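Below, each structure is written out as structure tokens.
Shared between the two complexes below is chain A, which pairs with chain B and chain C, respectively.
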Partner chain A sequence: ALQQAAGTPKRSIQLSNIVEEYANGRRVSRVLKLSPKKPDSGTEEPMEEPKTPKRSNRGSLAGSATKSTPKSASKMRLIRDGTIKPTIHSRDAPLGNEMNELAIARERLHVSATPASLPCREKEYEEIYNFLEGKIYDGCGGCMYISGVPGTGKTATTTAVIRALKHLSEEEHIPKFEFVDINGMRLTEPRQAYVHIHRQLTGKTLAWEQAYNLLNKRFTTKAPRRTTTVLLVDELDILCNKRQDVVYNILNWPTMPTAQLIVVTIANTMDLPERLLKGKISSRLGLTRLTFQPYNFRQLQEIVMARLVGMSSFNSDAVQLVARKVAAVSGDARRALDICRRATELADDQARKTDQSVTVSMTHVQQALTEMITSAKVRTIRSSSRMEQLFLQAVTAEVARTGIEECNFLGVYSQYESLAAFSGVSVPNPGRAMAICARLTASRILICEGGSNDIYQKILLNISTDDVHFALQASKLL
Partner chain B sequence: MHRRTRLSLRSSSINDKENDSEQTHLQTTPRKRRSKVPVAREEEEPQEECVHSPKKAARKIGRPRLSKVLDGEELENESTVAPDAIGKLPEREKEYDELVAYVENVLSSDGSGSLYISGPPGTGKTATLQRILNHPPFVKKLKPVYINCTSIKSVGSIYKKISEELDLKVSGTTEKMYQAAIEAHLQRKHKTIMLVLDEIDQLSSSKQTILYSIFEWPARPTARLVLIGIANALDLTDRLLARLQARCELKPHLIQFLPYTKQQIVAILKACLEETDSLARFPEAALGLLAAKVASTSGDIRRALFIARRLVESAKKEDRTTKSDTVVSMGQVMAVLKQVYGASQTLSNDLEEGFPLQQKLLICSLMLLLKHGKNKDITVGKLHDVYKTICTKRNIQAVDQTEFISLCTLVETRGIVRLQGKKEPRMHRVCLQWDEEEVSSSLNDKQLIASIINDVSCLGK
Partner chain C sequence: MPDAKNDVNNTRRFLKSRLISDRASFHGYEAERQNIHDLLERTAEHGESNSALLLGPRGIGKTTLVTSVLAELLSKETFYRNCLIVYLNGLVHIDDRLALKSATAQMNLENAVDGKVFGSFAENLAFLLECLKAGDRKKSKSVIFLLEEFDLFCSHHNQTLLYNLFDVAQSAQAPICVLGVTARLDVIELLEKRVKSRFSHRQIFLLPNEDDFDGRLELFERLLKLPTEQEMRTIDTAHPSIPSEALNNEEFTLLRGLFNPRQFSFSSRWITQWNRHIDKLVENEETLTVLQRMYDYDVLEGPFRMLLFELVGNLDEEHPTITVDLIQKLGEEYESDDKVKLLMGLSVLEICLIIAMKHHSEIYDREPFNYEMILTRFSKWANSSSSMKGIERPVVLKAFEHLKQLEFIAPVTGGSLTKVQKEYQIHRLLLTHGQIHQAVQRMPLLPTEISQWEQSSLV
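Let's turn to the complex of A and B:
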């Protein structure tokens, strides 16, 4: 209805009513005022009058428009109340193509397919389990801080513990508890954490202030039949803003005797409480800390083999190569799984080409590894134009001459001229050379500081000089 | 067994109001009946009884106590329960008396005053204040308002919160309106208000207008307001509110909560344990060791309670296996303390196991640059160059730059180095966070690494 109302006066504008005039040399078009007397308030009413019958003619359209707005408003209300659940369209029928062994392996190797039990994390599992079970039994609150580099199974282990505990509580071996999880990266703003916690507890979506007040009431007042709440906070460092009030509140509630709240926080940084959090917050965070070490190659091998159990499509040496390569760099399980997946895809391609079954072997893994750990920059230099290569060479020469990493365009250009004379090509003029420089900057091989001060701009190499030489040797420029 | 205990504990507090004092009494009542009752407690007893109906009170008394000793002990040791369950705070009696005397003084003169309480985290500031708010003689004479300043939306909305707590009718919704309403309320005849602002440092802004205006309220002739601010910083009022010094009547009275000493921590832990008659589980020496360690580092009672609780948990675990009451041993205390405070121990542990080779090489090249390089201003690019020469010399496959940058961030999450950023990742400065000597000594064990650290030829030039 609002749109309709706003739209009405527009329709009465006819081309003949528009006068064009030149004001300050700029063309401005405006609507000729219909009523001569009162320009400001009078315009609305005379326009409205001829409009009315027209609108009644198209009553059906207007009617549907007016109906649709409250409908969507009520829908929004239902969504906020949690009575309507979000759904997505489903397929008419599941994709029914039969899977060969490689496809099954690929599916099992997907990062999202979390196995029922996590290999190589038994000790950490035990520790988290003991902590949570003890707290749930005692009906008191507490905090735990879990840290570790990405891809070491922090979230997977924690959720596995909670799943196991939920299962136990359903069979009434341990007291019932509620589980809420928030992820700092999924919040637009740290305070939205209150909204998410409240929604998971009650199903209603409120503004954060209301949600905070209700949560505060819930955790600070005594209720006899309260069950324990387990709150999992992933990516804690995102929730830290300058005031740190959200982190403070989340960690302060467990210290209330009435809350029965257990907070498990997960972050990457080991010394986050000391580095980022204020003293009063790290005092509340307590000393239950757990660090997930990166996987070593044996563990990575075990993880991959556990996923492929009962399959012969993977060469075990190939798995070991992946595990060793990944363990040497980061110890990230996601990465190992991704490389294995890529290797299966490569093997699949080969199988399709040759029309016979192929097991994933060392060559596939080697290929996948070079794809993933290869430097794109050398290839970029090799495939760039001759003049660009020459320019890069000039930059390295200038760096070698001055001994300082940062060189300015003028110096590079003079090197460029002499190099071009050597190789017998004509030098582009400085404007052209600057365009070359800009193109190399766009592909991030060079870094230019301040594009505005033309020939005095500073140029930095974004790759090491050895790489440049290595790349240019192949193209026979050196 | 477990569930019974919890339920019984809960049933004791079924009919609690929000009031903390009542809950305190309820929780302690049954225990008190059995153990020796402090004299001060006797007078509070009838008050509590009259709140509840006789039926409920009867049920409470007749309630069976099924808890195992260790269970109770565990609950006592939990930092959440401790201050309330004990009711009176051991080792904070002096501060408590001082506060009570100050408030009484203000009350008797029918004037107003402001207080600023400071102290490091975990020294019992809020717990003491909660006790003051529920101090029985004050409950009738005062209108208590407790606000935790972290709970407000922005600095200005503190007025709204205060007027909500005071049940004031406000004609508008702007900050000014709320402020005016509070100030009008202060002019009228009213009960003395005790306004406690916890974590008051959250209210600081660039001009400090709000802090100033709040601290100026007690100076109004008819204000009758006891303003108490709590924060960690010792000199917050001097630093942020320098103008208050100009007028003596505005200057807040300062009370400092010192970190707990060893004796105080021992006394608090003993008081906790005595409540459940399980003091025998903790030998004197173990308590002393624990307290000495905590007092020497922070004097934070949360930490001490936490470690004690950890010990109880491990003792309980042993109980299950040996089926008898175990005594916490010195060895266990040492183990837990080492786990909690042993930062230097994890350093060599980290480097030994589970530390990827490339990250080790990265640290080695950094050490090489720091030890033998001329320029201590190390960028990621420079480090990468050195790292590559080392790798080619040792016949190890080197990672390229993008990978190397992500390696640097991984090492950063361990707190070994710190990257100080300009825009470009290659230009980031790399600073070693750990002690240089310590790293080199822990790296020296390995032959490969030791040879790298002393290999000056890799530096180039």
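Let's turn to the complex of A and C:
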């Protein structure tokens, strides 16, 4: 397997390059030109391409230098070298600090304001901490797999552990180590992982083949006084493509005695290694696993209260209501925090209107919950035009008549005609009825086929018939 | 009288340009508007990160709402100096690559020179994320991402762009606000679970009022009346001018070429005369009937504006006012069936074929047919009729093909059927029997025997 691993990337360079070039809408011929590459030049593609006129927006350096302004080419080189630091425009004046109590609460409740120690995750923290600390002390490599549904504190706990360890190593309680983190969703394709890892180690941006070669060299050759590297891989499932070469390499390096690499992988599904990964890869991933359970309502309440320590702006019953509602659906901490934040905004609005200080009470939370959990399908039906309501009624009538959920337009139209005659309105002609159908489809109350089938198109109700009846109860047409 | 002529033309131009390009004024929906307003203001002026979705049926005014809020905010210096607007449209930016290039150019990052972005897709994404990561809540400008046709962004590969935008909004980086605008009500179900978890679930629904015909009449008046001098003044205060500095984003075109009522001037006598006329129009019983029928059919403002545009287009020197007749004509046109009109323009032979098809589908309960079946049915009748004897086979085939091109009939699509000769290809009739009946009744100069044949399939 080891030889195979060493063999695979060699071939994959050319293969995948062809794929990538196609994806970029470029010709294949460039792949052939790519192969004589000087590894010592820091540029990505040594280019002599007179044929493509619009080069400037693609990243080739030497080629674009003649066409586009030299400014952009040299700037690109500086960016790739890491000399130009990425920045964003700054404000006119930095923000001040004057805030009322609700605004402070809102700031603390923002999902980004991660506390120094996460409440209700002490056990998991301990486990990850022991694993990493042990590995760093021993100077050996290893893997760990962390899973759990979104919003259960996986990444926050892991980064908190690493922050603590970094702090310890700065005070020289434990050996020094390097920390690299990549996120599968921040990559355009799995192989870009090499580029990101390499950039975080050296600061330079290379093509992925070069980055891979350098990383491979770094991890497979012996070097005295090498420090341990901790690699955090978030959203592991995105890195799994069909070949799974990237995941394989990332999990294979720790097995090398020379690498001193500790890989912590995070994903959502618990059985990802067995379900998605090949046997040899899940074997390398090992059995050191940790599952983050969804928060129950007590924990969610504790999380919110921990962020509001020392503040009186929140009613504790209100927090409990949020915690219970969210825990019943998903146990997602982000959701609970967002709802609380929305509730503070509502309280703020009220304070502005009544001109006196308001604490967040049960009513605000109730309002925020209805805003953020409900869907508006029933309201949409109620507010649609009478002809649209009649059409929906015709669809339910046709479903009831045939007993099948899928009905066709002709059948619905004949129901429509009789319903219209029943309620004493003139029927829109088939063309207009089809326009009504298309309108209801645009807001996804109905699902129907495209227009090429014309009057034979199939119509499906996207909500339950009970909802339609409920929504139309008060309608004048019934 | 050249003066009156001038007034009419001016009025037409005024009304037309108000119907089309008045994107910055928005009426009603105070709570929703305030919600969006606060959201954007908090992002720009307090550096809060947010994400929200604006939902509602097509034509309700979602874009107008956002435009009007931005028009109000952009006139304030504290807003436009502290924030960047990035406008992305799912119909234009059909994949993440294009969207990222456009976002980079609009944010004017280091790797963009004169609106051109260099580097590959992967580099662009990495660079954008690092720029946002380098930002911080207190010091860097806020970025407002406006994603129109949000549902189309959900179909991008892995939803990379959405994940990253929402992720930035949920972490301590540069303050951004992601505002998605879409007509699909179930758009949240399209999001992947990790993207969904990062989205803050603020959904702002823009729904028409229930059963609000009075509102429709008000709208009718508001869109057709000319503003008096006093109203003009309130418009001026409600629409402060936007400094050109705030609009240097080339891709954000929503606020360009806005309607400016000051370009037009009317004599005050004309204004009172015109407005009195509109008042009288609204009280007219016949107008009300037409408007009510339109309202029964469609309650949204967007399509109604287009109808009024048609109405206003009729104004000229000879017709200086909007009359009840014009409105009734519009209503008739609105309710008429285009397919019946098209049928009425067919030749006698073609209408005979259509009748044969109608009989066929009545007898066999809409079974598909081919040319030979229809020809047989037609010939049976034609032989006994006095006027349609002796029409040759190729002529009938030509007529059949003409019907196919007009899409009155369509071939049944399916696996091996395409190889069949054209006389034997099976087709379906795309008309209801009622439409055919109407057309035959209304067709001028149709021989009596044909309309009799239409009544019954017995020859």
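Rule of thumb we're sticking to: the second predicted complex is superposed on the first by the 404 of 478 C-alpha atoms of A that agree within 3 Å, B and C clash if a C-alpha of one lies under 4 Å from a C-alpha of the other, contacts with A are read in each partner's own complex, and residues count from 1 in each chain.
As a working rule, a contact is a pair of C-beta atoms (placed from the backbone, for glycine too) under 8 Å apart; a residue touches a chain by one contact, two chains touch by 3 or more.
What you see is a predicted model, and the numbers here were worked out from it, not measured in a lab.
Trainee: Overlaying on chain A: chain B and chain C, fit or clash?
Mentor: Chain B and chain C fit side by side in the superposed model.
Trainee: In the three-chain superposition, say which chain, chain B or chain C, touches more residues of chain A.
Mentor: C
Trainee: After the superposition on A, what does A:275 contact: first (chain B), second (chain C), both or neither?
Mentor: In the superposition, A:275 touches chain B alone.
Trainee: According to the stated criteria, A:462 is in contact with first (chain B), second (chain C), both, or neither; which is it?
Mentor: Touch partners of A:462: chain B and chain C.
Trainee: I'd like to know which partner A:284 touches here: chain B for first, chain C for second, both or neither.
Mentor: In the superposition, A:284 touches chain B alone.
Trainee: Examine A:190 and indicate which partner it touches, taking first as chain B and second as chain C; both and neither are also allowed.
Mentor: Touch status of A:190: no partner.
Trainee: What is the contact status of A:134 with respect to chain B (first) and chain C (second): first, second, both, or neither?
Mentor: So A:134 only meets chain B here.
Trainee: Between chain B and chain C, whom does A:149 touch in the aligned arrangement: first, second, both, or neither?
Mentor: Once the two structures are laid over each other on A, A:149 reaches both partners.
Trainee: Using the touch definition from the top, say if A:245 reaches chain B (first), chain C (second), both or neither.
Mentor: Once the two structures are laid over each other on A, A:245 reaches chain B alone.
Trainee: Looking at chain B versus chain C in the superposed three-chain picture, what is their shortest Cα distance in Å?
Mentor: Value for chain B versus chain C, nearest C-alpha atoms: 5 Å.
Trainee: Jot down the residues of chain A that show up as touching in both complexes, chain B in one and chain C in the other.
Mentor: Residues common to the chain A contacts of chain C and of chain B are 149-150, 268, 330, 373, 375, 377, 462, listed in rising order.
Trainee: Tell me, which parts of chain A touch chain C in their complex?
Mentor: 24, 56-59, 64, 68-69, 71-72, 75-76, 79-80, 84-92, 94-95, 103, 106-107, 110-114, 149-151, 185-189, 192, 195-196, 199, 205, 235, 238, 268, 330, 332, 334-335, 338-339, 341-342, 345, 349, 371-373, 375-377, 379-380, 382-387, 410, 413, 425, 428-432, 436, 439, 442-445, 452, 454-456, 462, 476
Trainee: Taking the touch rule as given, give the residues of chain B at its contact with chain A in the complex, in rising order.
Mentor: Result: residues 2-3, 6, 9-11, 13-14, 16-18, 23, 71, 74-75, 78-81, 84-85, 120-122, 148, 150-151, 153, 199, 202, 232, 298, 300, 302-303, 306-307, 310, 313, 340, 346, 350, 353-359, 381, 384-385, 388, 399-403, 406-407, 410, 412-415, 424, 426-427 of chain B touch chain A.
Trainee: Could you please specify the touching residues of chain C with respect to chain A in the complex?
Mentor: Interface residues on the chain C side: 34, 38, 46-49, 55, 57-58, 78, 81-82, 84, 96, 101, 107-111, 113, 116-123, 125-127, 129-135, 137-141, 143, 158, 160, 163-164, 167, 170-174, 183-186, 193-194, 196-198, 200-203, 205, 207-211, 295-299, 335-340, 366, 407, 410, 428, 430-432, 435.
Trainee: Which residues of chain A touch chain B in the complex?
Mentor: 134, 137-142, 147, 149-150, 175, 209, 212, 216, 220-222, 224, 243, 245, 248-249, 252, 254-259, 268-271, 275, 279-280, 283-284, 286-288, 291, 293-296, 327-331, 373-375, 377, 405, 447, 460, 462-464, 466-467
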